[in-house]
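Consider the two complexes below, in which chain A is the common component and chain B and chain C are the respective partners.
Let's turn to the complex of A and B:
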């Protein structure tokens, strides 16, 4: 199928981030002293388990960052391809059944009927108040809709068994590979693996992947035929919404630190290295920024953007692009409010480092200030940068929800956990209550933030010289 | 000491000017006074006369930052920036864009904010320190391990979850306290109990874990070993020696927030319908009231700078080695 790639602004930044990570990996591989802390991270079972979860989220987020427009079926035979005006992502393409199965309004998880009663005209002309059938959920059952529970159990069992089988197969393959590598018998290796006596925490890895596979394949079986987490007010599948929100969360968590990093590094190191009036100016700037309550600063900036967008409506071709610019701007402004902490840490560390013998030596040998800063100081503060990035990530993901509530978060048209939680306030007040969009958003957010917190802890333990 | 405090207060002035310039440029970078007038007068069918009148009444009929037509010092003083910012330094907040007196609003709304934030702060501090000390006492056992796991899990839950979940469970299912609202006087208790409890629980994970790290760091010091070597029971070591010394790093993070308690909490105030400064700010953000946002930013900055000053002073109080000069 012909597609036209239309990367958004945040997409470009995500690609850039991937390149940076690839370069970092390539650079680190050949440097034993840089590799050592990472070796410590991969030996930590919690870190391994949480990084598997993070990878799953990252994969979905990455797939959701490849945006394109599909070619429309040709109306005439002119040979010109016409592209749809709608921008979708590779993830949308994969989750097509979820995306297309739009019901009328709320429906509970795994339900086959709408959540609200409606007046429906019967075949004999009478009007009855009942819960109408959903258009898509259980549609494959046709008339046997009363068997939906059995059907769901069947699909569940199918998913559970296939997931378990896949997992066993994977375990066998891993064990075989490890046995060959360690030159021991298969059974011996299996015993070691089971008891967790391997050098790297393979057992944890295997179990985490097992859980992911198991849940994944159950969802895989159920999701196309039913609304696993129900539907929201306009009938969208809640599972689809939560999965789409992953990208928003990741973008806010990662790109914010990416945009603030250059400023924090440059200002922090310059303040610590040059001291004097440069230090005074930089300290002045970050005290000013710090003393403004951050929510208010973000609010003022977002309001400004809102006005700008209202005045320049023509600059944006589609809702998606508009929402994307707002997301990017939010990352920028969050970066502005959060760089001060890192800047202060870097300044303090540089103040200490600049008095060290090797810096003095470099100075005596005639190295320029720029050279000393980039070659001698930056590599020695990188651990602070890395620890801060990982620690900051989870708080940013959580902050997104609060900002959405205050009304200065991502665009209301963009799928995000914050927007889901925000709209849930009215849903909870309904009688009977609509709880599933809220629950889904909270659970996904919790899993991502927990994994990020655990991973950040492992990274800090491995990189912080004070802990060692 | 007094000299130091005075110098610090003088140093606050350029910072506050910076804050004012920043918030002012942010707000007026794309927004014009004409726009604001239109928003407040209603978007449709506004006569130029009405706009001019609104601008004149609210002090927006001057140039933004620099008045080229005025003479002498008037080039600076005859501007919106000067007119809106300078009275702030005397805590004259003026009128909101819809005409209410901001200073009066702040005065009446400060108490409810404080009634919510101060108990959260005090109860929280006590609880977190106790919990962290318990974990430190049982360090490297399953109690400690379970406690840390609990802390990390609690940190990972969104603050909104505690609020929504608490409101649902306590108010809606169990009907123990009203869902939201506020009354002045002693009746405030039943409205405040739930927000306070939720505020305390919400901050528990992060703070307890941080305090635990501080305590553990302190327990590796030589004086702790000496105290143990001379036969002091662990209880005394913890409470008399470790706690006192750990107060120094704890104070850095804690004292700075005390003045900002007046500002209230944005989210929980508006969830629980408490008429404090937090919900005031949210309403102002939503209705794009520049005067209120400006006043709150200014107040927040002043209180933050005050907090920094208090932190420095409190150092001399807990650590006799520190002298301010």
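Let's turn to the complex of A and C:
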């Protein structure tokens, strides 16, 4: 099918980030001293497990970052391809059933009827108060709708078994590959793998992938036919919403660090290296920035952008683009307010490093300030940067939720955990309670932040020179 | 009667993961009451481990495998931990090397002393106060009441070490373990502390286990000496016996590698290689790989402990045959090569470097507006000159500003006043760009080889840094790197490795290669050997010596080690509190020092050879702060020969023969 790629601003930045990561990996591979701490990371079972989870999230986020317009079916025979005005992502294509199955309003997880009673005019003309059938959930059952529970069990079992089979297959392949590599017999390798006697924590890797596969394949079976996590107020599938929110969370977490990094690196190292009035100026700047409540600053900035966008409606072609610009702007403003912490750390470290003899020796050799900063200071503070980035990530994901709750977060039309929580909070007071949007957002956010925190811990342990 | 401390066949193992380090292997010795027993050896030989094994304070994974430690006949190894705690501090006390880190910075001196008194003697209130005061008095601290209320950062290094000693002595221990107690101190302070320890010992009659790597200190304090090598005691002897005829080849080598004036112009004996790692199984003698009297049997069979007379002994195959034949242990001495002083042609050419009236003042800022309220006069009017191919040694205690002179003349620090002329060009007024192109001509080597190399760069990248300045292109660069590494005694393959893979001595070689890479004419050596062991120090000194001959290098050698000066320098300048007090040719200044400070400094240096009639001049107090130097002659508050005019006026320069000059009122101007 013909598509027209329409990358958004944040897409470009995500692609750039991927390139940077690829370059970093390539560079690291050639430097033993840079590789050593990462070797330590991959030997840590917790780090391996959490990085598998993070990778799953990242994959979904990346798929959701490939935006395009689909070609419309040709109405006339002019031969010209006309593209839809709607921008969708690769993930939207994959999750088409989820996206299209829009019900009328709330429905509970796995339900086949709406959550609220409605007056329905029946065939005989009487009006009855009842829970109407959902349009899509269990739609394939037709008249046998009372069989829905059995059907769900059937799909669940199918998913569970196929997931387990896939896992066993994968385990066999991994074991075979390891056995060939280590030049031992298959059974011997299997024994080692099972007892966790391998050098790298392959067992942990296999189990984590197993859990992911198992859940994934159950969802794969159930989701197209039922609303696994129910639907929200306007009938959107909550599972779809939470999955779409992954990209928002990742973008906020990653791009913000990307925005703050140049500030923190440049200012922090300059302040520590030059000292004197440069240090004073930079210190005053970040002390002032730190003393303004950041929520206030963010609210003001977002409102300014809102006004600008309202005045220049023509500059934005679609809702998606508008939302994307607002997301990017939020990242920028979050980055501007959050560089101070890292900056202070880097300043302190640079103050220490600049007195080191090797920096003095570089001076004595006639190296320029720029060269000393890039060749001697930056590589020696990189561990701090890495540790801070990984720790900051999870706090930023949480910050997004808080900001949305306050009402200055991402665009209301954009799917994000913050928006989900914000819109769900009113429904918590309802009787019976509508708990599922909140629960779904909570579970996904919790898993992501936990994985990120565990990974950050492992990274810090590996890079912290005091631990070694 | 039992010995005070008897250690017999002590073996200690430290296990970390799968690595087993045999830190101590079959160590036996004993200490009597009132005796000082010195443990001598290079770093990594197990000296500190011996002390920690005795106290049962081994690091995690460490445990005593076999042997016994008896204090007054009581076995400490089998004591339960609770009982052991009452032994530590009360019956055995310990002083550590670093007084800066052994005291807790957030507690007052009084709190830290009372800790041990309360624990072991349950003293309280007035009694406690009284005891604290008398303790501080006994370690020679003036104004003890004030010191009790102060925090460690308000005290100098020497004071802190005295307080550590006071804490150690608080419970009148039977045995004091001193782990390199003076290594971090200056020679004049070291002399004070050593004398204090000796006096205390005669007063209390305690035994002392003195751990050190410094042969000079051993000669000063010890009655008996044990030499440790790779976890074993290789020689045990009384002090006189040991210094007259060391028996073990390792001990002999230690003596030979000491720099001194009699060895000027010749290469120092070196012990090749380094101390072996202790996580291996040894077959044969542990020193065999580095020994130049090695025999076939040394590699195959571990030498037995051979007892000599008077409790002495040695662990070496050389003496096994002799023992069987004569039943008496004599020393087999390698003939020392005859001293020959090669007089280097001091052809009178213009000086390469001429520094006149150099001042480096650091402003002290206070208050919100950072107003300058005073200056730390780190360097206050220093003049010196160095001719091509010559070595000028700058001697002084820490804090006298010698490193600041070095960095100031290299323009690594902003110079407040004065001129620095390098081959006729004035450096202080030079614009930064012009200065940068000339930087290759003068280089610096630092004290600490662990902080002077960027840990994130390979050796090749480190060496290349300076070559960018020279503009050597890539093809030549590779060649140049290979040549440099060979020249400093490293293999060219090592250029692909990172600094942490090298030992201290090797790192210092890399630092020297980095300085040489830009073909300098002058190298400022800022205590390049003080962080190294004696045998490694000899290697580095030899290297510097041969490089000077090969490249006509000039050195400004900053050091506090007088024996290195005697060995290497042509001229010497003695600094005190930012000023040079005495300057001249090395023979004349060290041979007949004129300034009272130089005399005191030289007399405080512990000597290996016993010089009869050597009178040690004890300096009182410590160097004042350079922020607030005394009026007139800076030295007058401590000077034993101070005259009435000393506090009034800084003395002019008095000239003696052969360029020997002194700033002192004792020698009225004779020009």
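As a working rule, the second predicted complex is superposed on the first by the 468 of 468 C-alpha atoms of A that agree within 3 Å, B and C clash if a C-alpha of one lies under 4 Å from a C-alpha of the other, contacts with A are read in each partner's own complex, and residues count from 1 in each chain.
Rule of thumb we're sticking to: a residue touches a chain if its C-beta (ideal position, glycine included) is under 8 Å from a C-beta of that chain, and two chains touch if they have at least 3 such contacts.
Since we're looking at a predicted model, the values are computed, not measured.
For chain A, the partner with contacts to more residues, out of chain B and chain C, is B. When the shared chain is aligned, no partner comes close enough to touch A:73: not chain B, not chain C.
In the superposition on chain A, contact is made by A:360 with chain C only, not with chain B.
Applying the stated contact rule after C-alpha superposition, one finds that A:33 touches chain C and leaves chain B untouched. In the superposed model, A:457 lies in contact with chain B only, and not with chain C. Shared contact residues of chain A with chain B and chain C: none.
Only residues 14-15, 18-19, 22-23, 26-27, 29-31, 35, 152-153, 155-161, 164, 168, 260, 263, 266-267, 281-282, 285-286, 288, 293, 296-297, 300-301, 304-305 of chain B touch chain A when the two sit together in their complex. Of all residues in chain A, those touching chain C in their complex are 32-33, 356-358, 360-368, 375-376, 379-380.
Note for the complex: chain A touches chain B at residues 284-285, 287-293, 295-297, 299-301, 303-304, 307-308, 311, 394, 398, 401-402, 405-408, 421, 424-425, 428, 438, 442, 445-446, 449-450, 453-454, 457.
Across the interface of their complex, chain A is touched by residues 407, 410, 412, 435-437, 439-440, 442-444, 446-448, 451-457, 465-466, 468-469, 498, 511, 514-515, 518 of chain C.
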